[in-house]
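Note that subunit A is present in both complexes that follow, paired respectively with subunit B and with subunit C.
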Partner chain A sequence: MLTINKTETDSELTVTLAGRLDTTTAPELEKELKTSLDGVTALTIDMTELEYISSAGLRVLLSAQKVMNKQGEMKVTHVGETIMEIFEVTGFSDILTIV
Partner chain B sequence: MRIIRGIKLGGLQQKIFNLMLIFIVALVGAFVAVSLYQQAHLSGIVEEASREQQASIEEVSEETMKAVLETGMTRTTALQAYIADDLFGDVRSDVLTLQAFATELFEHAERFPDHPFSPPLQENDGAPSVYVLHEPGVDPHDSELLGLAANMSEILLASFSSSDKLSGCFVGTADGNLLAVSDRSASCLSADGTPLTLDVRSRPWYRQAAEAGALTFTGVEVDSYTGVATLECAAPVYRDGELVAVVGADIFLTAISDYVDNTATEGGFVCVVNEDGKILFSPQKDGTFCAKFSDSAPDLRESENTALAAFITQALAGNTGLKTIAVDGKEYYLIGAPMDTVGWAAISAVDKEITRQPTAAMLANYDEINAESALTYQDGAKHSIQTFIVLTVILVLLALVGALVVAQRIVKPIEHMTRRINSLSGSDSVFEMEQVYRTDDEIEILAESFASLSKKTRDYIQQITEITAEKERIGTELALATRIQADMLPNIFPAFPERVEFDIYASMDPAKEVGGDFYDFFLVDDDHLCMLIADVSGKGVPAALFMMASRIILASNAKQGKSPAAILESTNETICQNNREEMFVTVWLGILEISTGRLTAANAGHEYPVLMQPDGKFELVKDKHGFVIGGMEGIRYKEYELTLTPGSKLFLYTDGVPEATNTEGELFGTERMLAALNEKTSARPEEMLKNMRRAVDGFVKDAEQFDDLTMLGFEFKGTRG
Partner chain C sequence: MTGKELKIEAKAENLQTVLSFIEQVLDAVSCPPRAQMQITVAAEEVFVNIASYAYAPETGTATVRLELSGEPQTVTVTFIDTGIPFDPLKKADPDVTLPAEERGIGGLGIFMTKKLMDDVRYEYRDGKNVLTLKKNLQV
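Entry: the complex of A and B
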């Protein structure tokens, strides 16, 4: 289960994730971001309530990072311990801007 | 449904039949009710009309009868009055003649010698004769008037003989003698033959004439000798203003009473009332209209019956016109006409009941005709009811047969349809439109719907069959792919039976048919063993394809003798060149120099390896992590070295192990993983993996395996081995 909330102000988009971002739910986020990223220069992904992220979820984050690399910047906020560990293990902590 | 003679009980046909039956019964019931009501209503109208007609007939006939009566009776009564009066008129004229003669006689007495006279004689009885009577104590021969008066003997005889209305005529002298003419001389004689005396001047006719000084009629009186009711007309005779005689005549009352009696027809009669309101003549033997000659007879003008009293008073004064008056409890039509001569009145009476007789007869006749009509009507009604019943029965039967036929027509296509549908079997047969369904109604629509549904169903079945076949094909292919994938990895153990320096065991359990995890190990050369474990993002066929490519690229790079970091970097470059799907793979790769136990490894975003040094515990090696392969171009990886001493064990795994999740959503985690490994540190690689698998299964219990579960176990035995 994944709950996606979006808050958009001008060109700033904040996506708040809650639940599990895995193989099943990753396509939802991918679809959401694909339609929302046009003209966005600052993307913030809030992971306060995110419990788990799988490789499929990481792939979506990577795609988003690649898109944002071209049109602005992307931040990942409120990363929990479990998620941070995954980021570290997978090396995503090196390419993501984790605040 | 039971079936009797081809009719399904409770079936549509029977329901239509029942409906029709109810409808017909209701219709017939309504018709009968209306008929009965109308008949009752008609009877009422007929009865009412009959009553009204009767009343009308009664009224009209009564009016008519009354009018006829009035005309007839008025005329008759007037005539009767006239006739009766005429009688008195004649007498009156006779008496006047006698008066004139007597007056002449007495005024001119010198011209007339005395005339002889005689007493009544027995032998003269029965024939008109002249005789003399006198008051007691009076001697006729002493009379100076009688001799003169006797000169009237001839005229008296003549008057008497010329009129059949007189029973006698006479001259009474003022000195108490009477010269009379009658044919009843014997009645004036006593039993011994001597003449009876008579109080001449006491007689009413004498007194009244004397008092009136003119002609007068006496009332009806009882004759002093005969006891017969008589009436006299008398007129005084004067000589030099002195009363000398009274002339008079006895009126033959039987004539008038006979006349009156003769008028007594059935229900009608004529009676005569005198000036005192007393009935003089009447054919009635009793009741109000009965004639009574006594002074005590009631004066009808004073009757308690005011209508009658008024009528009598009016009748004595003039013609009355037709009156309806109740007398003695009976209704009479009465008409009165005056008899001027005597001052009396003739009353004509007709019993109203009698006049009603024609009306009654007419009504009776009318009733009879009515009754006949009613009888005819009843007969007709009875006949029409019979006809109606017969027609109704025929109609009901026809309607029911019709209902059966119609129902049969409706049911037939449905039954045909049912048979067709029941005979449908398999996916090839299809319900098709037939002529029998072309009914232009809901059945045709139903049949068309069935046909359409049937076709759709067949198409759907074919589609399902195709999809199932496709699915089976895919399943078969996937099964094949699973085997191919499994066969791609070294899966024959012991993998290197000739090498005693180490033992290696690995397993891969994809969550789906094919997975994105893989492991690999191969000897780069005699002294270098390459081991790797990898995890492709995502699962299923895409992951499997990506895994296959990754494995080949990694292996080919490794076999070129490159260092682990170089292998990863080279592989990353190759994959990133053509990775539109942005898939990536985490890889841990290590190359062991078997002779020295030196392990050179690099980690591209993969889980920490687990190492156990001899006599130690399994612990995570928190190595330096590089970014995943395929994520970004130009990534550099760092290598690190570990030195394995004989007895060291290495456990490599994918995230399927720590991230195995139980039904409560708990992760298995690295802590449990290490604990499972440390439970039996002496376990050989194969046993190590089996223990781990058991621990994971024991943890997740019934939860579905969510991720691929891939492990590799390695034990370094060293050159000693």
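Entry: the complex of A and C
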């Protein structure tokens, strides 16, 4: 189960994720981002309460990163230790801007 | 050695049932959260692969067996299906040093499985694909 919260100010969008980003829930985030990124130049994905990520979740982050590379910047914040390890193993720690 | 087994139709809708089964067994042995997430992620990647390809376009059964053994404790997760013979370990690893623009979406799941587990083995035996994942639970 994944909870997605969005906060938007002008061209800045913060997406806060809680729960699990897996094969079942990744399409929800994909759909949410697809309809939200128009005109956004600063995207922040807050992972404070994200407990789990699988390759399906990584794919959604990769496509968001590709979109944001064209129109602005993307940051990923509050990444927990176990999720950080997944990012490192897959080289996503180099692709994403983790702050 | 203690073990538990789940037989389930190999379809994506059953992923949560498979993951809950694994989490319940691991919770019961107080598996450290980090190892638990890694085992669950690996299991997700393998089950989704079986659900997507093993019997396509039909469907069939997947058996998930979980065993705990040894000291320090080792978790062994075995996935068995009777679908098309397929060794996922033969797939070339993705280049994880490429920038976002050059990254594809394929191959990441099985690559993560190999990296997160201590040992991953494939065998085709008696008409069955048998994929065995091992993770040591040392602290």
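A few remarks follow.
In the analysis below, the second predicted complex is superposed on the first by the 99 of 99 C-alpha atoms of A that agree within 3 Å, B and C clash if a C-alpha of one lies under 4 Å from a C-alpha of the other, contacts with A are read in each partner's own complex, and residues count from 1 in each chain.
Heads up, the rule we're going with is that a contact is a pair of C-beta atoms (placed from the backbone, for glycine too) under 8 Å apart; a residue touches a chain by one contact, two chains touch by 3 or more.
A quick note: this is a predicted structure, and the numbers were derived from the prediction, not measured.
In the superposition on chain A, contact of A:94 is made with both subunit B and subunit C. In the superposed pair of complexes, A:58 makes contact with subunit B and with subunit C alike.
Once chain A of one complex is fitted onto chain A of the other, the partner contacts of A:81 are limited to subunit C, with no touch recorded for subunit B. Touch criterion not met for A:48: it reaches neither subunit B nor subunit C. When the two structures are aligned on the shared chain, A:3 is found in touch with neither subunit B nor subunit C.
In the superposed model, A:11 lies in contact with neither subunit B nor subunit C. Subunit A residues 22-23, 51-52, 54-56, 58-59, 62, 66, 82, 89-91, 94-95 lie at the interface with subunit B in one structure and with subunit C in the other.
In the complex of the two chains, the subunit C residues touching subunit A come out as 12, 15-16, 19, 33-34, 37-38, 40-41, 44-45, 48, 96-101, 103, 105, 108-109, 111-112, 115-116.
Listed in rising order, the residues of subunit A touching subunit C in the complex are 22-24, 51-56, 58-59, 62, 65-66, 69, 81-82, 85-86, 89-91, 94-95.
Interface residues of subunit A facing subunit B in the complex, by the touch rule stated above, are 22-23, 51-52, 54-56, 58-59, 62-63, 66, 82, 88-92, 94-95. Of all residues in subunit B, those touching subunit A in their complex are 516, 535-539, 582-584, 586, 604-608, 625-628, 631-632, 655, 659, 665, 667, 706-707.
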